[in-house]
Amino acid sequence: MEIIYANLVSPIVLCFALGMVATWIRSDLEVPPAIYQALSLYLLLAIGLKGGAAVSQSSIAELAGPVLVTLLLGLLTPLSAFFLMRRVGRLGVTDAAAVAAHYGSVSAVTFLAALEASRAAGLAAEGYLSALVAVLEVPGIFVGLVLARRKAAPASKAAAGSLGEAVHEVLTGRSILLLVGGLVIGTVCGAEKVEQVAPFFIAPFKGVLCLFLLELGIVAARRMRDLRQAGWRLLALGCVLPVLHGILGVAGGLIAGMEPGGAAVLGAMVGSASYIAAPAAVRIALPEASPGIYLTLSLGVTFPFNLTVGIPLFLAASRWLSNFL
Amino acid sequence: MNPTLKKMTIVAERVLRDKLIALIRKEGATGYTLAAVEGEGSRGVRASEFEGRNVQIETIVSAETATRIFDRLAERYLEAYAVIAYTSDVEVLRGSKFVKE
Amino acid sequence: MNPTLKKMTIVAERVLRDKLIALIRKEGATGYTLAAVEGEGSRGVRASEFEGRNVQIETIVSAETATRIFDRLAERYLEAYAVIAYTSDVEVLRGSKFVKE
Amino acid sequence: MNPTLKKMTIVAERVLRDKLIALIRKEGATGYTLAAVEGEGSRGVRASEFEGRNVQIETIVSAETATRIFDRLAERYLEAYAVIAYTSDVEVLRGSKFVKE
Amino acid sequence: MEIIYANLVSPIVLCFALGMVATWIRSDLEVPPAIYQALSLYLLLAIGLKGGAAVSQSSIAELAGPVLVTLLLGLLTPLSAFFLMRRVGRLGVTDAAAVAAHYGSVSAVTFLAALEASRAAGLAAEGYLSALVAVLEVPGIFVGLVLARRKAAPASKAAAGSLGEAVHEVLTGRSILLLVGGLVIGTVCGAEKVEQVAPFFIAPFKGVLCLFLLELGIVAARRMRDLRQAGWRLLALGCVLPVLHGILGVAGGLIAGMEPGGAAVLGAMVGSASYIAAPAAVRIALPEASPGIYLTLSLGVTFPFNLTVGIPLFLAASRWLSNFL
Amino acid sequence: MEIIYANLVSPIVLCFALGMVATWIRSDLEVPPAIYQALSLYLLLAIGLKGGAAVSQSSIAELAGPVLVTLLLGLLTPLSAFFLMRRVGRLGVTDAAAVAAHYGSVSAVTFLAALEASRAAGLAAEGYLSALVAVLEVPGIFVGLVLARRKAAPASKAAAGSLGEAVHEVLTGRSILLLVGGLVIGTVCGAEKVEQVAPFFIAPFKGVLCLFLLELGIVAARRMRDLRQAGWRLLALGCVLPVLHGILGVAGGLIAGMEPGGAAVLGAMVGSASYIAAPAAVRIALPEASPGIYLTLSLGVTFPFNLTVGIPLFLAASRWLSNFL
């Protein structure tokens, strides 16, 4: 309980709430699109730089386990998401696959919020975790799109954009490019040179995140308006999937030898659903899939769920499981 | 006299931007002008708020090119994406530069 | 054949944005496209530089709807606010979607 | 009745912005609306990415004013700069305000 | 004299001057609208956060007096502004009421400049002052609009937008929302958690303010072009009103038990005229009122007046009055 | 060799490379125009402020020599550029003059990169160097434009925009205005007051520069597509001119009594080509000159050349020459 409270009462979460309130009371508050883009550019590059600096100080032996586990989870979670969305959620193949692509990928902001929460809870988290965000981002999207192809009728295949285009879209998308670019720059330069840009990329980071969450709150609240159409089955899945995937992630992290804090953050990453890279790729490759479903679930349900309930849960789970694993 | 040509306007979700530019180029447009816009339509569908809003593409073309672009759009994008397109008559200063031989 | 409809363009100070959208929706527009613009007119009046510049709202509507919107605009906003509006003929791809039953 | 006037659209590189506004004002336009746009044309010439992209200037004018602006543009800018211009017919709400005595 | 010089020669004031010079020499310098919006979003949220952190450390007993005095001044100043604008300024009812709404409200930037000046002058100012900005923002606008209603002819009433709309506009406007939102977040989180975002919201604050004032200088210089039309009576009132209201504010602050520095800042707030929240509300509720009058006065006359002459004056007045009150 | 490596492996240079990669793989990465403008506004104002603070601590005797040398080089380099572009590059008068205007002026980012590199190499550089950027910016453009006038045929003269307009364009352009404005503010306020805005204008500076170079990389890569049309003669000149001018600058700086670090930075400045102020002025005054030549050379060839090869070269040259001069 206390851990939930401590998590909720933070500038980050409350800025998200402020954004939602703004939408509910029909305020004219908005973050201009150019600013939103700049904020996300900043955050992704900064995550990368920080992760790269940490990677440059880690041995390959140290990284191998976590990277492998992350990859496996990135391939597994879209399958479980697809299965549940088909059976429990009663979605068609295309919509289920689209949702699977989102839950297979990762939300960078959930990662950041988990990192903060773990720090606030006094649990250490590995510096190389940012690198795992990059590892987790792509495979899930890819599996999701392949699922749609395999199961879809031929007619629909023709109509849909080409898979190659979608893969190009993901790999060259600004999201991956900045994250991986930052990682490479951070790794090559090393911690010392990254330190030189710390007053811009590291120190003010958390404050910038507040502004970003303000906008996310606005957008999420808009998406929540579509919740009624989604039906309670999907709503429930939007809360069950992060828990399921998150616990898997925590366990996987601990097995790979990570600290309790790091494993909890990995859990939050695995339990999160993408809302930047995945939607763009899915829109290209599966235009018939309904954004009213996949975006509403990932941004309107799972993101706020993780921000408020999921992250403290994963922290608690990690503490507890670390006694056994 | 300045010749009468068609101005075609396409409003579409941001994700189609490069595809649409390639399309109109391929069908014979000599240029285009592009603006960032917002909008709502009957679908209300957009890939992602994060892809930015809609784009509006305007291109001055001959009537035949306009018809061909209309056909391609209807064929490929009108069903599955949020796209609208329309044309109007315009009188263009030195219009000859807008028609490819 | 692609039907001929009206494109109505309204340029107004930013403060009217939501009101104008509500108005055209109410009079039967099925959608609209909105761009941030700057401008000067005969009035030169703007509420505040801080409200942002003008907005330009474009909506594809039937001729009757256009007339109704014109009337509403003249009635409510033309006198006291910085607003201009005009229409032109456009040929719309799959125009049926723009006319409410 | 709402009178029919000309809407002239000029798309030009950013560097010409103030000059073009002065030009249309001088030839009798009572106002203009300006949007930041991007574009590609046959020339592809732009002074600098840093000057910002193109500007699109729209002005509602009488047919005679339109002709005069066309002439001035052709004379001064069409050769050396990236500029296009075109007009179309528009029906304007309270159009009288757009024509200088 | 020295205090005026010290106030004038500061990056903040000189950036404002640079913006004005840019307009005068017809430079193409501009702050893009998206950036301007982002800067004001940042400033308002930061003011709120800082104020909230201070409020969380203050007792209600401490706050009650200053809040009450501020509220009273917020109800009084639009009346005096209205009266003077009618009698001395010879404005019609609607224009006078519109001006009254502006002078009854507050300019956040004047507040910030006063805070800096008081710090530079070595006078302590209470941390909760930001909260008073929020208190002062709304009532004056409300009184101004009611004045217009009461006195306007029935015909004009019908033409004007509804009062309710205008009140909604103010209360949900981004300006109030961010300020109050920041205050609540700061209060709930407390000083310690706000500290975490200090490298973004607190440390660079003054530099951001410089950029903002650059843009304000550009806009104010444009407004000054309309000064001739305003006539010398209005011009004079644009300088008299801030002095009158400012001295009232200083006295009120001292009576409420504030420090000399805090009372001087309160004076600057009360003496300032709004140019963000008020214009938007007035434009909706009183479209017949001329922005050429109210904006020119608040932004083209009173703001630069306070920035250069008013603030040092209030500081001196507060020092002097604190001997008696 | 080592100095080249140290220079290449820095966040600044690698962000530039990231931008180029983004363009090559056709990523949708972009820095929104409004953000780009804000970044350049920030950088120019910050350079000015920092330079001004340094100037306020320097004596006129100290400044006179360097300013004079800089002025002379600003008048000389457009002539050498014009001559080489006519003879070796085989350009027409107008194009050669346009290029001359660019090479006579200065690239602020090259200056900053050189400053960083000199600091990384452990060489001290004078604080007043930023002031020399302002001194170097204008004269070269002016000489370039005059060259075009003197040599062009009468018919062409009539067609071209007026020289007066172009001069106005340069002097009131945002680039000069912010730089000079910042210098004046910094000088008037002095180091102590500039210190107050240091957390915004000084500490995060290098990080902001990274974002700016990301965008420069995108733009430069686009320009490089035009390289083939330029021909190898122009390409070669785009590498020879910076070396020639740079060495002149280094020598000049040493003669004027500057430190080896400062002289190297002055060399980089003199060796650089403008791509902000000059293009705008040239476009107005010499519309027939081809941006495909002057921008491609300055931004697509000389800027990356200096960033990677030029700057380490000037550092080495300065170290070596400082033994003699």
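In this document, chain identifiers A, B, C, D, E and F correspond to the written order of the chains, with residue numbering beginning at 1 in each.
As a convention for this text, contacts are C-beta pairs under 8 Å (C-beta built on N, C-alpha and C of every residue); 3 or more make two chains touch, one makes a residue touch a chain.
Since the model is a prediction, treat every value here as computed from it, not as a measurement.
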Counting one step per pair of touching chains, how far is chain C from chain B at the shortest?
1
Could you name all chains that are in contact with chain B and with chain F at the same time?
A, D
Provide the C-alpha centroid distance between chain B and chain E, rounded to the nearest whole angstrom.
47
Chain centre separation (chain D, chain F; CA means) in Å:
35
Return the distance between the CA-based centres of chain A and chain E, expressed in whole Å.
41
So the centre of each chain is just the mean of its C-alpha atoms; given that, what is the distance between chain C and chain D in Å?
21
Could you pull out the residues of chain D that touch at least 2 other chains?
35-36, 88-89
Each of the following residues of chain F touches two or more other chains, namely 28, 32-35, 37, 199, 204
In the complex, the residues of chain C that touch chain E are 13, 15, 36, 45-53, 79-81
Listed in rising order, the residues of chain F that touch chain A in the complex are 9-11, 14-15, 18, 21-22, 25-35, 199, 203-208, 210-211, 214
Spell out the part of chain D that touches chain B in their complex, as residue ranges.
9, 11, 35-42, 54, 56, 70, 73-74, 78, 84-89
For chain D, which residues count as touching chain C in their complex?
2, 5, 7, 30-35, 60, 88-95, 97
Which chain E residues qualify as touching chain C in the complex?
33, 36-37, 40, 159, 219, 222, 275-276, 279-280, 282-284, 287-288, 290-292, 295
